[in-house]
Amino acid sequence: MPGNSFGQLFRITTCGESHGGAVGVIVDGCPPGLTLSEQDIQQELDRRRPGQSAISTPRDEKDKIHILSGMYDGMTTGTPILLLAYNEDTRPQDYREIKKLFRPSHADYTYAAKYGIRDWRGSGRASARETLARVAAGAIAQKYLKEKLGISFISFVEQVGAIRTTINHDQVTRALIDATMIRCPDEKIAKKMIRLIETVRDGKDSIGGVIKGVIHGCPPGLGEPVFDKLNADIGKAMLSINAVKGFEIGSGFSGVAMRGSQHNDPFIKDREGTIRTKTNNAGGILGGISNGETIYFRVAFKPVATIGKKQKTLAENGKPLSLEASGRHDPCVVPRAVPIVDAMAALVVMDHYLRHKAQNC
Amino acid sequence: MPGNSFGQLFRITTCGESHGGAVGVIVDGCPPGLTLSEQDIQQELDRRRPGQSAISTPRDEKDKIHILSGMYDGMTTGTPILLLAYNEDTRPQDYREIKKLFRPSHADYTYAAKYGIRDWRGSGRASARETLARVAAGAIAQKYLKEKLGISFISFVEQVGAIRTTINHDQVTRALIDATMIRCPDEKIAKKMIRLIETVRDGKDSIGGVIKGVIHGCPPGLGEPVFDKLNADIGKAMLSINAVKGFEIGSGFSGVAMRGSQHNDPFIKDREGTIRTKTNNAGGILGGISNGETIYFRVAFKPVATIGKKQKTLAENGKPLSLEASGRHDPCVVPRAVPIVDAMAALVVMDHYLRHKAQNC
Amino acid sequence: MPGNSFGQLFRITTCGESHGGAVGVIVDGCPPGLTLSEQDIQQELDRRRPGQSAISTPRDEKDKIHILSGMYDGMTTGTPILLLAYNEDTRPQDYREIKKLFRPSHADYTYAAKYGIRDWRGSGRASARETLARVAAGAIAQKYLKEKLGISFISFVEQVGAIRTTINHDQVTRALIDATMIRCPDEKIAKKMIRLIETVRDGKDSIGGVIKGVIHGCPPGLGEPVFDKLNADIGKAMLSINAVKGFEIGSGFSGVAMRGSQHNDPFIKDREGTIRTKTNNAGGILGGISNGETIYFRVAFKPVATIGKKQKTLAENGKPLSLEASGRHDPCVVPRAVPIVDAMAALVVMDHYLRHKAQNC
Amino acid sequence: MPGNSFGQLFRITTCGESHGGAVGVIVDGCPPGLTLSEQDIQQELDRRRPGQSAISTPRDEKDKIHILSGMYDGMTTGTPILLLAYNEDTRPQDYREIKKLFRPSHADYTYAAKYGIRDWRGSGRASARETLARVAAGAIAQKYLKEKLGISFISFVEQVGAIRTTINHDQVTRALIDATMIRCPDEKIAKKMIRLIETVRDGKDSIGGVIKGVIHGCPPGLGEPVFDKLNADIGKAMLSINAVKGFEIGSGFSGVAMRGSQHNDPFIKDREGTIRTKTNNAGGILGGISNGETIYFRVAFKPVATIGKKQKTLAENGKPLSLEASGRHDPCVVPRAVPIVDAMAALVVMDHYLRHKAQNC
């Protein structure tokens, strides 16, 4: 199958370039009877929108979402839902300088190598604008999972450069997260992060970060135990986001140095008689299947490739040249990537919920 | 789709439990005309076999592979290939003690929660024996990619506990890797790793490790640029292996603290006039598409959950009890996981090669 | 996977109801470098449009198509193509009478049974307007196949009621087909068909018909030999069109009464030395794989369910009532279904061409 | 995806040639907790076995089925089920004469055209033996649907050559069907059919036939309304069986000549207050979704291509030659195809039941 669909039963297919007519997504397989409005989707989109704060790009894309199908009388009907955001405020001339060169660590060269043709305007399909469709579709999944199963997605910025919060993810709320423009719920650390980003921006440079993904309320039993392990599908979802270079679940890379006797999570019964684990090094998933504990994971984002500093690179014709990007861009991607992480996590959980229901309920 | 298939065009479907009749895999979509013998597959399987050395489990599964379809006159015909290894030397009685309890950090509880029924013998489908099918199928992909495209897979053990080699992955060969029973090509470090594992084993405990995955010779253009990015599919492949908790490509988590100006890989021309990058923080993939550089990634394995040390846990009926595992098990999984990493990487590259060919060649 | 996608590699996902915002389709997997304009698509759409003639519905939907993504500089880029036709001229009030009843032989009842909710306006997703998306996507496949491989799709109306042409399908051209508003290339028979439809319309009734599907120039080798036989996938494509009740390929049902010695198609060499068959009872496909001969098949359409005559039926609440449809509708669907048959056939051939290329070229 | 899998959620992947090691199938997605034995499967297989009667081929393949995975304690566990029948009694020498020629109306030529290589022994993958895997997998679906939902599959031979029974399919039972070796429940017609087949066989020729497929007890709501209409998926399932040339559901081709006022099935309430239709020209499916009535359809099989009569054909090298088949073969395929039709129908219904459950229950 071509690579623009995601999910098996709650299945999204996205389309759209930065400077084409629109960015869109068809959501197929949504259960009927879910109350849904454009506003439900817009509020998630507004979290990823550029132009929100001093530390993000000054573009004001608006990203107004339209629902064009799959609804009747304020409810989903079970037929495919088309969500569309038209492209406005496009300024291809901003990108004209890059038309005939390969920007370092961008997809210009690999698109050309793959397709023999590329839409250079605003990075075309490789634009971060593509993630708008993910967030829009994910908003539907989040609403369904919240209302029907009480599952919530509470991702936040854990690290920018070397600055990292150690806040307990079980005490984080979305209000705390959205309280700072950096989307780090630890106020002190948030300030440091912002200062770092400002310094980096002033140096015409960029910097990476880590988002901690957190899923509360996932019931036991979701995930297919061999190839489509819940952690494998969440991992793929995250690694499919632009600029992501790493993913770890639960103890992750730090578990490597632990002994089994430390790492194993003993089973216990809680006061209600529910089977739980005493610790949660597993990150809420055992053998690829959710065990009812909080699912948490970390997603590493590289520094944004577009920088104002002068860089050496090659023209399409192979001639060396140097480049100083003048386009609109973020010095650090993680604040705006938080809703993308939530959306992708929700799409995976929603899909696995339907898959589990099909075979086992 | 149920979760026992992997790949879109070079598609494998696996089956089999530790103590059922056999572990098997159907490989569908293999191009016709590939010379193939059971020995081609057996040699990869022998790399993952238990009983190879003092530091792995003393079971001797043999894992003899049989090709039951899809071949004529020593060549693949384009029809599905069935590979089967019958289960011999099974000793369900070794596992009888665990029949009615949930082992910590195993999939016993989550299988029961998902399916309501579980095959406890040798962990059933959650057994590491399941990976035999992956390695067998991957051997076909490796042979095809080697012969037709010159692509090779050279993964090795980079870290056990806190002991880590800094060897340059471009200087590693498979001969060097297989020279030590730990499959670390750095002889000095290998010895330290082995000593650590022996200490851990004597303490009836286990320890984790990291495998570095390396792919040489991948041409530019493989990978679908949105959801099925080459790195996302490799990541999923790795995270679907039992005990894997983390994955990073190229700079990975260490890239987080870098500036864009450091992290970006400048394009250059090499002596032959080929477009290359001067550095390779990307790990050989840009925008989800291979760029022709070496693809490298790191895979984190947690310490093996089965340990001889006494642990507290729950019986199926919820009663607390304690457990000292007496079954056969490895104190560290990484030496035997090296061929699994190679196999899964090969399955991803093979699949993306066929996908690329379909649309773009 | 949900049921709104079709094809594996040239994959379309459609959406849209009769009275929502738009009918659309995302075409994923299209090879890059194909010259394409909205006009290329519009001309196929215009063939299925209502309001073309005295014997079809007087609605003038216009069905203007918009390409919103996947194009650059007049060419496909290899990224997904979004095609959209906005819904105008919608008159939900025309359908208000059917809001709370189940029309005989329509999908009202089964949608309600399946989803618990249904969009009654213009039959919602069950509207024939859904086929607009198929024709639009099929126009891209037809253009590609024509230009790159010389394959053409020449379906026509063979039968209306009991009136049937025996014209040799190898002598039919698209010009001949489109010369009559009934799309039957046999002028005399066409006139009789039109008269029959007029009679039926005057009686406030409807009538069925047969379209003969014809594919010229398909090379040998397309089709997967077991489940995804080329004939099986063409059959599914046709049976997925509203109102289709039967499909036969080559000799079809008439082959049942033949002896093997009559039915078998002897292999011969033609003047150019190409292997051909002397007869073509197979309909151009052997063992599920194209053999290079003309592919031909017949598709049976039932009489349109919406009729002006009074009928008995049930209200949603189970009360009996009678119904005289006053909405806009065709007395016979086949003239407008011709481009749908061509489109679906082209989608199947295109998909199988890419699949074949992936594994075997 | 390669073409050897069928179904989305109840998904089978088959393998095996006539003269390789085995014919097999992996059934993935089966719900856990279904009681299942090899005997449950064997009894369906025995219905398709050659050597059952004077009018079928004298081979005695035995076709003993083995369950090699996915079971514990007599029940399915939710993990993939491997079913295998080893190839015995293979006599490749019977086929040596056809090694280097293309038999008329067989797949020899098209396999060679597609893959460049073919396994000529017993027709390789194109052998009717491939259907063994379908019947085995279908037996599991039939058992589940019978026990959990009361759905049953009662297909029978309706026509051989021009001899056709007009028996009411609602009065047919499996006992009646299996009472005659021709599997026609109308005793008088059955005798005529047998006589015709004997005559044809004595003339070293073959003849076609029609199987009527019948599904009792399917609840309303199954089927996806656009591309994966229940009738489209049943149609594809049937058209994927070797030798099938036509499919029609409900009124089928005969509906073409009817008026809408005759063809429409009025909704009524039965005594229990259930919504039913008075007539059933629809064949139990409206808008692609089951409506609760009996599903019935007709499947046309061409005369068997292998005949003893002398035929002209070409050698692989293009030289004309003549052929008199001496291998073991049936003069008419329909009696043995009855269980295949039941199996494929059950696979479709089972898959759609799980799909419906995922989205709508």
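All chains are identified by letter, namely A, B, C and D, in their written order; residue positions are counted from 1 within each chain.
Basically, contacts are C-beta pairs under 8 Å (C-beta built on N, C-alpha and C of every residue); 3 or more make two chains touch, one makes a residue touch a chain.
These figures come from a predicted structure and were not determined experimentally.
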Chains contacting each of chain B and chain C, listed by label: A, D
Between A-C and A-B, the pair joined by more C-beta contacts: A-B
CA centroid of chain A to CA centroid of chain D, Å: 46
Centre-of-Cα separation between chain B and chain A, whole angstrom: 26
Distance between chain centroids, defined by C-alpha means - chain A, chain C (Å): 39
Residues of chain B touching at least two other chains: 1-5, 8-9, 14, 29, 32, 78-79, 114-116, 125, 225, 355, 359-360
In the complex with chain B, residue positions of chain D that touch it: 1-5, 8-9, 11, 13-17, 20-24, 26, 28-29, 32-33, 66-73, 75, 77-82, 84, 114-119, 121, 124-125
Chain A partner contacts - residues on chain D that touch it in the complex: 1, 8-9, 29-32, 78-79, 225, 354-355, 357-361
Chain C partner contacts - residues on chain D that touch it in the complex: 1-6, 8, 14, 102, 104-107, 109-111, 113-116, 125-126, 130, 159, 161-162, 200, 203, 205-210, 220-229, 231-233, 235-237, 239-240, 242, 245-253, 255-269, 273, 275, 277, 281-283, 285-292, 298, 300-307, 309, 311-314, 318, 320, 355-356, 359-360
